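Across the two complexes that follow, subunit A remains constant while its partner is subunit B and subsequently subunit C.
And then the complex of A and B:
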């Protein structure tokens, strides 16, 4: 576009008649990435203004672009979120060395991103040297560091963070695999930091940290609002809790002593988000005094049975978020529906299969779902592992759960007979009723959804951006019908499907918004080349061929697990990866297979 | 897997499981067994639709590689090295149970009423499996369902790593506290504290006291950032 370089012309007008000054004032208020995307496409000037004023970028897969491309466009970035390994890595399905190294990004950040204050790496491989570089180059300004389900580093790397990042308000390490040398990193944090607001090393196995350092952090950091730790005896925290005067969230800990000793523990007055690991029925009453304040309850790692859930939940009328295992049972869901009218998010995970480890009542079925739908009208997120299901219960959700934006259902495989399959009509009713649905997961079994049902998913999910489909459909025809719909679908994950490579390739070509595909379990072609029907510019195709992995099963015995092949395909501006491990193979149409 | 070769000199198990028209016929050519006994069902029972019927000719030795399992199924062949004989027996038991379950289901569906054939449980004893299917029925071969069932067996619902870890730790806690569990104890939902011998152990994951002496209690004043 021609631009008038005349210095006398200070106010430029863009094609739509708005001066840059005005635009410069308005632009910073536009936050939604899709809006920003649209703004940047109007004209070059708007593209540049967007690039100057964009504060945050999320790169959903780090291999879709490169660090220097990011720098060329958004050099003034303040906040970056990068994701690496496929979501399936959270389920032990992806080789540990798959990739997602932060090193090239950290190096670019150290050199060029002078405004960056907030970094979030999710499912990526981080090395101690990366943390050292980050601490050295950005330590003075870094306010948020999240190493979210990352691996590859040790507490030595965290030492650099503790020493150099004195402005750090958020340190998030949840579920990361960290090699523990000692607890010195927390001590460094404790003596160097007085602004910490969120400290999280929940679900890490860090045990050498000292609760005295935790106490010190609480005393020094007057704004400490959220603390989530690994297993630490709760009684050792009798100094910590009073010191953390403004604490709103606490998760972790451990109960190893006689229950009555815990009745003396007093929690901070503003505590409203709570999750106590290994809490059993005898310790549960310590929560009762402030249960009515609770907005969020994490019972995933507690030791409660169905009755305990009922007793606790009925005391929490202000609950907005609940996470637990299916030991809650249908009865617990009925209590939830009666008591927690403000519930927004509910996640029900799968319990252990071992005999005697979970409650006999601990199954969730259509009965609980129907009660939940009718009782909790504000529900926005529902993820549930069910043991039985009916079309009617899904219809209820479609009728009542009008605010639902994220729905995930997994049908467990323990029961031979399911009351009401296939779920075609229920799924259709749910999709048509829940108009705000953006994320959708349906994991069934053979016979769970016919080809017609699969076509309903395509037809009735206009706003869904992410889907996980497991064991749905009957044949390629179903998938092809499905792929004619889903106009917003950007990311598709499929598992255990009967579809051929050819059908998958056609599907990819037909889904208009698709930018990411992951599949495990499909009908491979004889030649292995049918997938190439989806080859096109900027589309990377990778295979993880079938593997055999030795793992520990539920009772700790070593078993050999067969991992069927995966397909991963995604748009990228950066060309194929250059850091493949042995387990991952690129599919290159130019190379004769 | 390759590094797990458990070939013992005195045992050369070799099992080739072949499928013909839906029947699974096991052909167990077992070498010198040493201390391992050939299970009953391999030698004697003829089970309908999941027959691991042997040619009763006894034990044959073949010249295959030791502990190698070959499975012919649905037109494809899988070969597994270094499978111990116990695992092979487990695999064959699973196959016989699965095929028997399919057959029982088909029977029930066909007759559409409660039949006198006993419902097959998850882990039937070898004896009941054999007697349950003594009466021959017209076999229905649910080939598509079988192949999808196979798919399901290959791809069990994946478990979330965080929860897996929790279940492992929970199990360790119970073992540490109650190393000799009473078999009649029904639920373990609340930890039995009664047998708490050692108070806290590293396994229960408590923080250790910091070995480093505490320094100044005030944070170092951050140097002025230019």
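And then the complex of A and C:
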């Protein structure tokens, strides 16, 4: 991403002092991308050395550059991460065929990237043919392959991977949408691979895998440390667990039999990261014997109520990462605050809305947040869906959570009355107190944050690089004040805003670091004309106009879902996309009506 | 044949009797303030079917409790009977699907409010306007009040207003899949559900 050919013309001739030999020794120790960016801008020689020695590149949006450009600069790359669809795709807001095809990248990798060992595609479209090309060309050297929330391929594509990638240490398929033909791919992996360390097909619907193949992998791969699978019956794994002697992480599985049958399951001795799908209150005790070893607990897909959470969490004093639904409740958070002093990451997701599906106690509010802030001082990441909130609780977070680098708060819309709105002062206190904050999300409702509050966000977030703002502010004035701040803001996502196209365009022009903008729910005009105020070189503007989508709901009935318009705008060195689907329309200043 | 009238307890006026099950009973919970139509579309369709079924079999009952506390919430009391009587959600469609379809036929719209019950026979577009009023009445800062929105055609404006006014909090795909699967498992757990899972609560 940090390619600026323009700047090359202004470089000086070689600087006084450091010889190339010295530089060549030092440079490989510089890893941080921002440092590398700075290094590459010193002079041509340093730029070239950086290009030769850079090991990893993350391209945050695959359309910001081209495979060709990447190859021209970083031909010796060892590790590449590419992201495609906007984050909103994880919430079913982006059309499936939006784009993000890996094919052009895979073809370039097959031809030219001879040192590439690690590949990570996130929210992209992958075809079986792409996997075949990859396996054929890079199979012998590929060590890490991550198809992360990808779609478009089947288990046939994975067959190629299983057969040809014998050096694969990491195969990550989590949450990908995969067409399942059979379980043969896992069998190929089991038979051909003896170095696997991380195997992940969690949250996929791959059910035709056989547990015998899992056992075989465990026996053959002496370094197998992390396994996350789909809904395979836990009792079928009685052979797998003893074979996986050094296993540290396990997620997935399923509980379909009588609870007492599970007490016979013995888990590997080093297991410290765990998430058991559909685990209920009666199966929970099987975790107790080693609960004190647990560093990471995933309860997102468990069937526990508030009391169950309390009983389990109090037995996990070494917990560093917890993910669960808001069924944990304020009471569960109080237990967490008392018991888990080492907690670094906490994610509380939104449970079911329907009455009776979750524990009535299962709501999180200011009470839980205040206890958490005071109790878990090492917190670095906090993402939470709350049903009620106050300014004071946010002030607590600002006071106590000094290590917080990532904070995300969503105010659920079930309760009509919220105790303490607007949250202007609380937000200010939080931003001022949490000096290390780099990522920030605030999703409220009309009245949740005034224009003054929105200006506080601009004023007090000097280091924040990514923001998601939902239903904040009252008018364009608030947004314009906001845009005068946020000096580090690179990526901005907004939803449910009252802002006009003109205000959005001006905001983009004022935010000095902004390279990516996504908005859904704004004062859209028919033509999108006012957005042209942000037209400029290298800035792509795309619209997904308002759509009505007919979907099948959970009972198979046709339901019309209305999707308001989106704006997506980003810097690109590759010009406008050439692979738009029908649902996406580029805004071209030369052509716009 | 008399038309089935479905009454929905939006404000949770009826407390059902408590009964133990794997998930504890809910208390008097408010629905999303965003609107009644949102409430309807968020209700479990199985629930709605069970209401219709019991509405059809219990003509005399005025306040049908939508949440049947004695059974698993996704299974009607006598499924075989209910299924033979079940049409496809007839009465709910004018109210639940607030699309731009307009028609002269009227359907009953029942409103529970602060202990009073009122039933109106309204055409579809009137029902939509009433719902819209309810939504606007409950939201404190309507997003479009202060704006000078460019004046598009009335169709487009209606679309814009509908779309800009109702942007529900989106749910993460992974969570949604889990919640759907969990609902299926609970359906199977009931005596009338599928036999393949021998899951005991």
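Definition applied: the second predicted complex is superposed on the first by the 567 of 593 C-alpha atoms of A that agree within 3 Å, B and C clash if a C-alpha of one lies under 4 Å from a C-alpha of the other, contacts with A are read in each partner's own complex, and residues count from 1 in each chain.
The criterion applied here is as follows: contacts are C-beta pairs under 8 Å (C-beta built on N, C-alpha and C of every residue); 3 or more make two chains touch, one makes a residue touch a chain.
Since we're looking at a predicted model, the values are computed, not measured.
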| item | value |
| --- | --- |
| Subunit C versus subunit B on the shared subunit A, clash or fit after superposition | clash |
| Which superposed partner A:525 touches (first subunit B, second subunit C, both, neither) | second |
| Which of subunit B and subunit C A:578 touches, first, second, both or neither | neither |
| Touched partner set for A:550, first subunit B, second subunit C, both or neither | first |
| Contacts of A:259 with subunit B and subunit C, given as first, second, both or neither | both |
| Per-residue contact with subunit A, leading partner among subunit C and subunit B | B |
| Subunit B versus subunit C as contact partner of A:562, first or second or both or neither | both |
| Touching partner for A:193 - first (subunit B), second (subunit C), both, neither | first |
| Touched partner set for A:213, first subunit B, second subunit C, both or neither | first |
| Partner chain in contact with A:415 - subunit B first, subunit C second, else both or neither | second |
| Clash-bearing segment of subunit B relative to subunit C, given 2-10, 182-190 or 218-226 | 182-190 |
| Shared subunit A contacts, counted only where both subunit B and subunit C touch the same residue | 88, 90-93, 175, 203, 255-259, 278, 280, 300-301, 303, 305, 325, 349-350, 352, 354, 356-359, 410, 412-413, 416, 443, 446-447, 470, 495-496, 498, 520-521, 548, 554, 560, 562, 564 |
| Subunit A partner contacts - residues on subunit B that touch it in the complex | 1, 4, 101, 105, 145, 148-149, 151-152, 154-171, 173, 185-191, 193, 199-200, 202, 204-210, 212, 214-220, 222, 225 |
| List of subunit C residues in touch with subunit A within their complex | 21-27, 29-34, 41-47, 67, 73, 88-89, 97, 99, 138-144, 146-147, 149-150, 152, 156, 159-160, 162-164, 166-180, 182-183, 185, 197-201 |
| Subunit A residues touching subunit C - in the complex, by the definition given at the top | 88, 90-93, 175, 203, 255-259, 278, 280, 300-301, 303, 305, 325, 349-361, 410, 412-416, 443, 446-447, 470, 474-475, 495-496, 498, 500, 520-526, 546, 548, 553-555, 557, 559-560, 562-565 |
| Subunit A to subunit B touching residues, read off their complex | 88, 90-93, 140-141, 166-167, 175, 183-184, 187, 190-194, 203, 205, 207-213, 216, 219-220, 230-233, 236, 254-259, 278, 280-282, 300-301, 303-305, 308, 325, 327, 349-350, 352, 354, 356-359, 410, 412-413, 416, 443, 445-447, 470-471, 495-496, 498, 520-521, 548, 550, 552, 554, 556, 560, 562, 564 |
